[in-house]
C-alpha cells in the first residue's frame, strides 16, 4: 500500500507530494465515546481514519492527516450522552478552533482542497463552522480553498442497508454501538470487540425533544442505542467497501 | 388570551408570576432566512413565537420571552445556503453566547425551567451548547436548572404527515420553504405569503456530503427545497395544532 | 406606508431593493429592561424600531432590519440596575459579537451603509466597538463601509425639552421610565402603559461614582429614575416627530 | 509621604498591609492619547495615578496599584478619535480582560475592596464590565468583593467650574486637551506641557450621532476639543484638591 | 503487557479502573513537525505516547489517554520554525482550550490526578495555562485536582548525556531532529527513520533574540538543529529507559 | 539625553519622528512579582524599561513605548510561583491580546519595526504568540511588519557571568531575586532595595517536572531562588552595559 499517512512522511517527501496544491488532504475527526460494554472507546476515530487511508490509497494524490481524536459532546439520542464514564468530549468552540487551526496550517503549506471525514455525528456543526470560517478567511486573503465535509454513513445505500439489517432498519439515529459500528470494528479491529459482553437492547425511542441536564434513564444501561448482536465482520466489510468506493466516486 | 409575553409585562407583574421559580420560560429562536420568492424572511421567527405563545396561553404558569431573531448560518441542504440575499445569519459562537446570556439573565430572576423552541434547524447545536454550559455553570453554583430543547416539526405525527403530503413525504430535510412552512405562514400571516410568486420545484436531492464554499447550483434558483404549491392554511392549522398540543402534552 | 421592514420582504424583493448597495439599512438595538410598574419591559426595543420604520418610510432607499431585543447590562444611574426582575441583559462581548455578525451578514448582501438606532444608553460602547471592528475588517478586505450610530434622544431640541418639561429638565440621565419614555409609549403603545400604576418619584440623585455590586437603595423601589406622572401621548408625539425628522435631516 | 505604591513595596510589607483584606486597592486606568500639540500623550495615566496616590497617602489603609496605561479606543467626541498618531488604544475585550485579571490577582491576595480611578472617558464601559464580572464570579465562589468605579472629573463642583471657567463652561465633553487637563498637567508635570504650542480653538460642536470610520474634519487639526489657552497651574491645583478630597470624603 | 490505553477499553472496564479517582491519567501531548529529511513528522507524538504507555504498564493504577497530536507553533530555535512544509501547528489558545476540555472531561469521570507528558518544547506554556486554569476552576467547585507537567528529556541524567554524546553535548535546545530524537525513533519506529537521508549539520547557533516573521536562513536547509548521524537504537533504548524509570520513580 | 519616551512626546513630535515608519519602537514588558523581602515588586518592569530607554537614547531613530506592567503568571521554577502575595499576574490570553492590540495601534500609526524587551521569563510564549499573530495579520493586509523579541539576560556574556558570579554560576533559572536582578536594581533604584532584609538561600533545586497547584515548599520562604547577598551596584552596571550595548549591536 502507498504511504498516504502524512505523519509517517518526512517533510521533503511531504513537500514534493503537496507542492502547488496538487494533493487533497483528508482529515478524520472522531470522538472518544462509550460504545457499549462490548467495544472500545475509539470506533469514531478508527473508522474514519481507516476509510480515509483506504480512500487515499486507492485514489490519486490524496493524503491523510493525523486524526482529531476528541470530539464534541456526546448527545443522548445519537451517542448515549455525555455522562457515561469514558465518554471524553470537548466544547464546541474548542473543537471548532482546533480544527480550524489544523486546516489553516495545511493551507499554509499550499494545500487547497480538504476532505473532512467525520466519525461522530455530534461533530457536524463544529466542522461546518470551522470549514466555513476557513474558506471565508482564505477568500478574504485571495486564496481559494475547498472543503468537503462528510459523515461516512451517508454513503451507505438502501441495498446495503437491506443486507445489513434484514429484519428492518430503525435509522442511523440509533445505530450508536449497534450493528453498524460493531460490524465495522469486527472487521477492522476484532481485538477491540468482545461480543460475549454485547447486550441485547431494543432500538431506543426518545421523546421529540432534548433535555439538559440529560436524563440517563432515556438510554439503556449498556450505553448502546440498539442491539449489536447481529453484527458480523462480513457486514462490516460490506459497509466499509461501500463507503470507501462511494467517497472515491464522488471525489474523482 | 392570557398575557403571556414577558416583554409586555411590567416588572412587578413579571416578578409576581416568576417568583420562587414558579413559571417556566419559553424562548423562541429563529432566523432571518430566505424562504422562496413567495414568502417573507421571518417564518423561522414567527412560527416558534406563535407556537410558544399558544403553549403558554393554554398551559399553566408558562411565559414567553422575546424571541432571538438572527440564527446560525443557513446550510444548503436545510435552508438553501448562506449566500442568498436576505439570509442574514450569525456565527456559532455569537448565537451560543447570546442565548447563554439571555438564559443566565432569566436564571438570575429566579427562573429554573426553560423551553427553547427552535424554528431553524441549523440552530440546534448552538442551542445544545448554550443549554449544556448553562446547566453546568448553574450546577457548579448550586443551582439546579432544566432546559428543554425542541424543534417544533418533531412533534408532527405520521398521521398528519399523511394528510399534509397526500402524494408522499420526501422528508423534513427538504421542507425549507415548502408545504410545511408555507402552510403555517398562510394560516398565521397570509399577508406575508404571495402564492402567485410560488415556484414549483422538484424536491431537492443532494450528494451525500457538504462542500464549502457552498455550490449555489445545488439549490433551485427560487431558494426553496421543495414545492410550496400545495400549501394551504388548513394544513397549516392542522400542523400548528398538533405541535402546540404535542408540546403541551410533553410538558405537563 | 411603504414596506420597509426587511423581515417582511421576500428575498427577491429584498435583492432588488439592496443590489449595488443602493439602500441604507437601519438596525434598531434595544433592551428588555424594567421601566417602572406602569410600563412594559420593551420600550427600548419598540421606540427605536418605530423611529427606524418611520425614518425608512419617509426617507429614500432605507430599510429596517429586525431589531436586536436584548441589550447590555442595565446600569443603576441610567436604567435602574441589572438586579430588577425582568431586566434581562447580555454581556458586552455577546452583544458586540451578535451585532457585528448581523452587520457583517448585511455587508455580505452588498449593503454598505448602516444606521444603528440605539434605544438603551448602556448599549453605546458595545455598538461603537462592533461598528469600529466591522469598518476596519471590511477596509482590510477592500470594502468601504459606513456606520452611523445614534441614540434617538440626542435629536431632541432645547425647545422641545422646554415644552415637554415645563417645570424644568433634570437631564436625560434620569429619564429612565420617566416623562420621555412614558410619553412615547403612550403615543405608540398605550396598551402597554397603565398610568394608574405610575409612581411619583423625585428625580434620582446619585453619588459621583458607581459601585459593584450595585446598591439597590440608590434607586426608587418603583425602578424609575424620575416621575412619569406628567407624561402624555401628545408629548410623545412631539418627541417622536422631532427625532424622526431630525434623523432624516441628518441622513439626507 | 507614606509609601502607598504597591509596586515599590517588598512582598512581605505588602502582605502585612493587605492581610485579612484590611486595605483598599486603588487601580488607576488611563490611555495613551493625543492631547494637542502642547501636551504629552499620557495625561490620562498621570492624572488618575497622582490622584490615586494622594487619596492613598491622605486616607487610611489604601494602596495604589501600578496603573493600566493603554485604554479603550479614543472616540471623536471625547478624545478626538482613534486616527491621530500617538493615540494608542486597545480593543474593548482586551482592556476588559486585562483589568479583570489584574483585579482577580489582587483578590487572590485577600483584597476585597477596590477603587478604579478612570482617567479616560472611553474606558468606562469596559471597566464596568470587568467589575461586574469580577464581583459575580467572586460571589459564585463565596467571596464578597466591592468595586468602586469613578472618573475623577465627576468630583468637580459647580463652584469650582465657575472659577476654572469664568467665561462659561461648555461641558466635560469638550474638555479633551482643554483647560481642565492642561491645568492639571501644568500643576503636576509642567515639563510635559509647552504652552507656546497651545492652539486656540472654539469649543467643538458635533452632530447628534457618531460615524464609523470617524470623520477627521469633525475635530480641530490640533486635536483638542476646546482651547487650553486659559489653563493655569493654579486652576490645576484647585481641581486636583477637589477631586482628591471629594474621593476621600466618599470613601471614608 | 497490561491494557493501559484508555481508548482500547470498553467503558465498563474504564469505569472500574477509574472509580473513586483511584487511577492516575497520563495525557501525552506532541506535535506534527518536521524532524529533518530522515525522519517522519510524528516523533513528538510517538515518543511521549510510548513513554506514557511504559510508565503506565510498569506503574500501578495508571492509564494513558489518547494523545493530542497537533501542538503549538514550532519556533526556530527549538523546532526549526513554523514555515517548514509538514510542520502543522495550532495557536496557543486552541491548544490550551482543547487540552483544558479534555482534562475537564476526565475530571468529570472522577479522575483527580494527571500527568501531562510533553513531547514538544513549544507546548509548555499552553499546557501550564491549561493545567493552572483547570486546577483553579475545580478548586472553586470544591474539587481537588493535581496535574503534573513534564517534558521527557528533563529526566535524562548527566551520565546518560555523557554516553549519548561522547564528543560533547551542545544542549537540549539544538537536539531537534538530532541524536536524541533520532536514536529514540530508531529504537521505537525504525521504519520511520531513513538514516541514508540524514544530513550532517553543525549544531545550530542563534542570535540572542527571536524575530517574527522568522528568518529561514537561521536554520539548516535540512531542518535539524544538529546532526543525527551518531544516532543509534542503543542510545535510544538507554534514553527511553532512563526517562521511563525516572518518571516512575518521581510518581511513586 | 534625547527624548525617547513616546508617552512624553506631544503627538505632532511623535508623528514627525515616526512618519513613513522611520523609527523603531521598543515595547518593554514586565511583571509585578515578588523578588524577595529585600526588593520591590517591579524589577521586571523597571529593568527592561531602563534598558529600552538607554538603547533608544544611544541608538538612532528608536523610541520607547510605555511598558506593559502586569505579566503572565509567575511559575515556581523561574519566579517563585503565583501564590506569593504581591505577585500580581494575568492570564496568557489577556497578556497576548493586550500586547497584540498595543502593537497593532503602533502599526496603525505607520510603524513597521518593533523590539519587545522582556523582563519576565514567563511572558515569553505570550509575546511570541502576539508577535506571530500580528505579523501574519499585517501580512494578509499587505503590510510587512518585523518584531524582535528578546529577554535582556540573553545578552550577558560568559565573561561577565564569570565576573558577576566568581564562585560559580548556577544558571539563569535560579537568578530570580538573586545576584543578577538585585545588582541591577542596586544600580538603578537603590531606594527600592534594602540589603538588610536580604535572605541568604542556597540556589534552588527542583524536581524535573512542574505541578499544579504549585507546591510552596519547593521555594525558600523568602521567595528568591538564590542568594542576593553578593549583589552590588557595580555588578549591576556591568550587566546593564553589556545588555544595552549587546542589544544595540544586534539592532544596528
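We just call them A, B, C, D, E and F in the order they show up, numbering each chain from 1.
Keep in mind that, in the parts below, contacts are C-beta pairs under 8 Å (C-beta built on N, C-alpha and C of every residue); 3 or more make two chains touch, one makes a residue touch a chain.
If you're wondering where the values come from, they're calculated on a predicted model, not measured in any experiment.
Repeated interface, listed pairs B-C, E-F or A-E, reference C-D: E-F, with more than half of the contact pairs matching by residue number.
Fitting chain C to chain E on C-alpha positions gives a rotation angle of 180 degrees, to the nearest 5.
The interface with the greater count of contacting C-beta pairs, when E-F is set against D-F, is D-F. Inter-chain spacing, taken between the CA centroids of chain A and chain F, is 47 Å.
Between the CA-based centres of chain A and chain B the separation comes to 29 Å, rounded to the whole angstrom. Residue positions of chain A with contacts to 2 or more other chains are 91, 93, 140. In the complex of the two chains, the chain D residues touching chain F come out as 6-12, 14-15, 18-19, 32, 34-42, 45, 65-70, 84-91, 93-95, 97-98, 100-102, 105-106, 109-110, 192, 194, 197, 223.
If you check the complex, the residues on chain F that touch chain E are 72-73, 75, 82, 91-93, 96, 122, 124-126, 128-129, 131-136, 139, 146-150, 154-155, 207-213, 246, 250.
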